[in-house]
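Think of it as A, B, C and D in the order they're written, each chain with its own count starting at 1.
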């Protein structure tokens, strides 16, 4: 089969690889129908993710058809359409029993990281019963690809951890795909105001069409001053960090109201300064963590009932074997006005 | 001044009464701008509410202008527009400190019950700082009248107690004003499906325009069977009782899923049968209680930000001195297709 | 092997049965070291539990040694000492993923009910990875037998559902083994007062030694009056029903404070009267449900750290092959002053 | 009357001041029976707290007798014994209605800060109904002085924010009075292990008598290594910071387990480094904030029912007019082996 293979920093190719086979009786092999590229994949390509080694097939999102299952798989059979979770869960370790699938002792984020991933014609999924979700006949499969990673990530790490509530004023710093996923799913809880902060006017315009009530381009404007003006000097109930830089994290710390929540989604490569000399008395909560994808069944229902349309995040479409071109587009997201690209086999 | 006065079962009149005055330094006197009639007022008129005695001015909803405040009132001054809560809170008893304002030792539901109420040109509001809410200049005052009682009641007793969550399937039994308030505010949490059950087709039609995804007329149809069919035999995550009869409560018990919530809003005059012989093993939660109106500030924000439009519940409009006619309309709600009437001074 | 077999109402025998074998690759076969008899087993013996049929080996509690495991079992190997949960969990159905193991689509309470149980020399445990817990070398195995069922049941259905908090006043109605388990585990949350209500003075005396601060024999005293006197007319923050009769459930409804919790543990064979005509305005929460045994790992830690000593509930000890005598003792619990009997192989 | 007055950094005196009088009708004047000295008072004396100016009577803890009340005070009358909260709450601003008394718009921590405090023969308490608590006749008044500040602070900011649960392993960094208050109140939730970390062996020995299961002197030992060894490499479920220095905060970040809580109590004068490059993926929650004293009524109940004995923290006793000597002792806490000093009028 064909697959997108990492060969060290800056090097990748769409090349022939052996089709995966069942290794454990809890495995499934899935034929990929649709996949996408994540910001994390770009980090991998730069060599930022040490666990990914030469020869690895990358990708951790997608939907497909069950090609084969091991004898201990009960929930799926050949021919079933399935959604692949970016998080693999064994369902029986200490962490899985606490619904912390991201820290699963035999799973977690392994797809396209420590085992071969979904940017390929076929992929092996360990612990299939706990790591795949059934797709009914009439489902919108483009929309569902967004549920492999970015929707649960924006929702769990941003919206749930940030405890967004009806009537709240919230800010989301970063209008990339993850920030947009937080924007879409924050609206599950009907906040009164959603302030989107980014440095790309195109993305801010898109954010307005997706439900942002205010936007701030913090290249041009003083975001702290503007947020404080909008909130009568109080700050926001929830500040969601969806970038992963010290400056954006510190911005969140400056705009969060007393009693508020700072929910970090961004992947950080450096430590940040936490201004406890002012924050210690502000009764705030800061959260940081990986997605567990425990919300996937719920997100599925909201897509099926048309309460959520994650397809709005898809800006570009390619065939699976055009993946090198898709990477090129996604790597130049600002110029290409790209959010999510979708690849169809 | 003129006021609507209760004179025993079946007897009321719009008559001259003394204008109220400040009795305690925490009181305010409010000139009524708008008020409405509650289902509870009809119960009072039938003689069902023993605490209401001959000579009482009734009514516990409305907005107005501050006419006078006692010396210990800090939050308001003459001329301020205010929303009157149906629940009076002293802010300093054991219950108020636990946010259980409905059980306030010196307050709770006293307006139009044990002290004179809001269906009058003026009303005295005890503990004004904790029982009134400021209305800004640009607000939609018709909409805000709905926040005195029915919106917080539907929301707190139905939606919050019922723990409605994104993606849930819920049922609301009773499509009167309170059921409709639960319907509007349930959508704060984006349930996937909302099934409205009533015996009045007009109300069910209105429910559809307000967000119900399914309706069942349980005069014509077997509601249990239909709910079970819609939910693939599982039942609903939350069943909200908004009628107050044994039959509707028992219906809720039959349609709630394992792990689900039965939230009672209805005022019950009789005991009900609880089928613990089947429910004991279903991991359900049943709640019952008075509104505390702790959610009023939040509801206010959602009205101001156009996330909630409670004005949709207003079907009829009268001048305040046409209140006898307004009662007539509201007493024949089914024929008149009435939900909420609004009275303007 | 030998096993205790049900042969219809009133008939049981300790007889020869075939040793169980691995049927699915997720099974384990466990050699029983210790088991006990549950009140539910007495119900079964009376013919009250329709799902239990002639020929069934009963029992759903115990500890043992792994004798054999299927190829998909990862957490255990031959020779490991294990605690058997009364609830079997597949770990991969919709309910297990929501931690509602009691409603597991392939499990739940099946041991000694729809499949053969633990009152035998060997037992087959399906989904072993999710239904057994490892026992370290130095553990107190007598104490751990109490963790198969009664401790998690008292804790989850009584204490957790009842939301017992530091400083609370609580009442437990029923001082049998389950009520005692609620008594022991309620103290995890340091309530100020624990009122134990029963009709057996011996059990009330034991309750005092286990931490009850007050006891009421409601055969001799008016329990409602006495609770109201102790609580200055307010009632208890949490009332735990640990009997399963209409009268005890209604007692709980009469003694629960405004804002309080009524947590039902009892197995009810009949419907009960719920006095909504008074309770509707009391802001109460009623819960009812099966144990999920999600708290077993936590209970394990509290036993290991000597914060909980469930061995205090053991009143009688037998050899496994004396089980007919043990049943005789447990069936006459009041006369024998029996709480839990323990059987050792 | 006599009072302890601040006269700029390093200068204080026990001197004659005018007895306070009622200024607002919601005030009470309280005759001090017992007071104590807080670590914060030492900071004030060093000139670290800019809001405290020359001439201020300091102190924010104590119990006393009501000497006089304003006309709007309902809960108290002359002669009542009362506990003074370190936090003044108006009961009617936006923050008080959300139970965030620490951020009360007219109150918060003002006693001995922006208004005269409790280290005096008399003190004026604004908003007496919401800022004082009644003391019954038989109460242990020495114990209750500890409830003005350190017990609610340790409990709310450490134990509640840190979500301590039964069976948890927790660490408390800092064995001063606040850390000890966290230690005492953490036991309300029955953690399995409590690791106390400090550099003073005397305090660690005291911690053991108060319930610590392990102690680490991090002057002599590598605390991270030792905690990791005790927790089998996982870290603690909750790390409570009770010092207020960058090093102790960072230590907490290093020992908190995946999925755990870092609850900051310490008052920080400097920013800290937050190692998001490792913590971003650890699913942790960090909290920081002032005490709201919402738990005072509950703590009161646990003292009355002998579940909590805060008197154990009292190491030294003085008469009120020996306060200069008491300060001297408290300023040399390590040498004097002092935790809390108590001053009696």
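Basically, a contact is a pair of C-beta atoms (placed from the backbone, for glycine too) under 8 Å apart; a residue touches a chain by one contact, two chains touch by 3 or more.
Just so we're clear, the structure is a prediction, and the values are computed from it rather than from any experiment.
Q: Return the chain pair with more inter-chain C-beta contacts, choosing between B-C and B-D.
A: B-C
Q: Can you compute the centre-to-centre distance for subunit B and subunit C, using the mean CA position of each chain? Integer Å is fine.
A: 42
Q: Where the centres are mean C-alpha positions, what is the separation of subunit B from subunit D, in Å?
A: 42
Q: Mind pulling the subunit C residues that touch 2 or more other chains?
A: 297
Q: For the protein chains shown, what form does their contact graph take: line, ring, star, complete or other?
A: Drawn as a graph, the chains make a fully connected set, so complete.
Q: Which of the residues in subunit B come into contact with subunit D in the complex?
A: 25-26, 71-72, 74-75, 90-94, 96-97, 99, 106, 129-130, 294, 297
Q: Of all residues in subunit C, which touch subunit B in the complex?
A: Answer in residue numbers: 95, 98, 100, 102-103, 161, 244, 249, 258-259, 264, 266-277, 279-290, 292.
Q: Which bits of subunit C are touching subunit D when the two form their complex?
A: Subunit C residues touching subunit D: 165-167, 187-190, 192-193, 213, 297-302, 304-305, 307-308.
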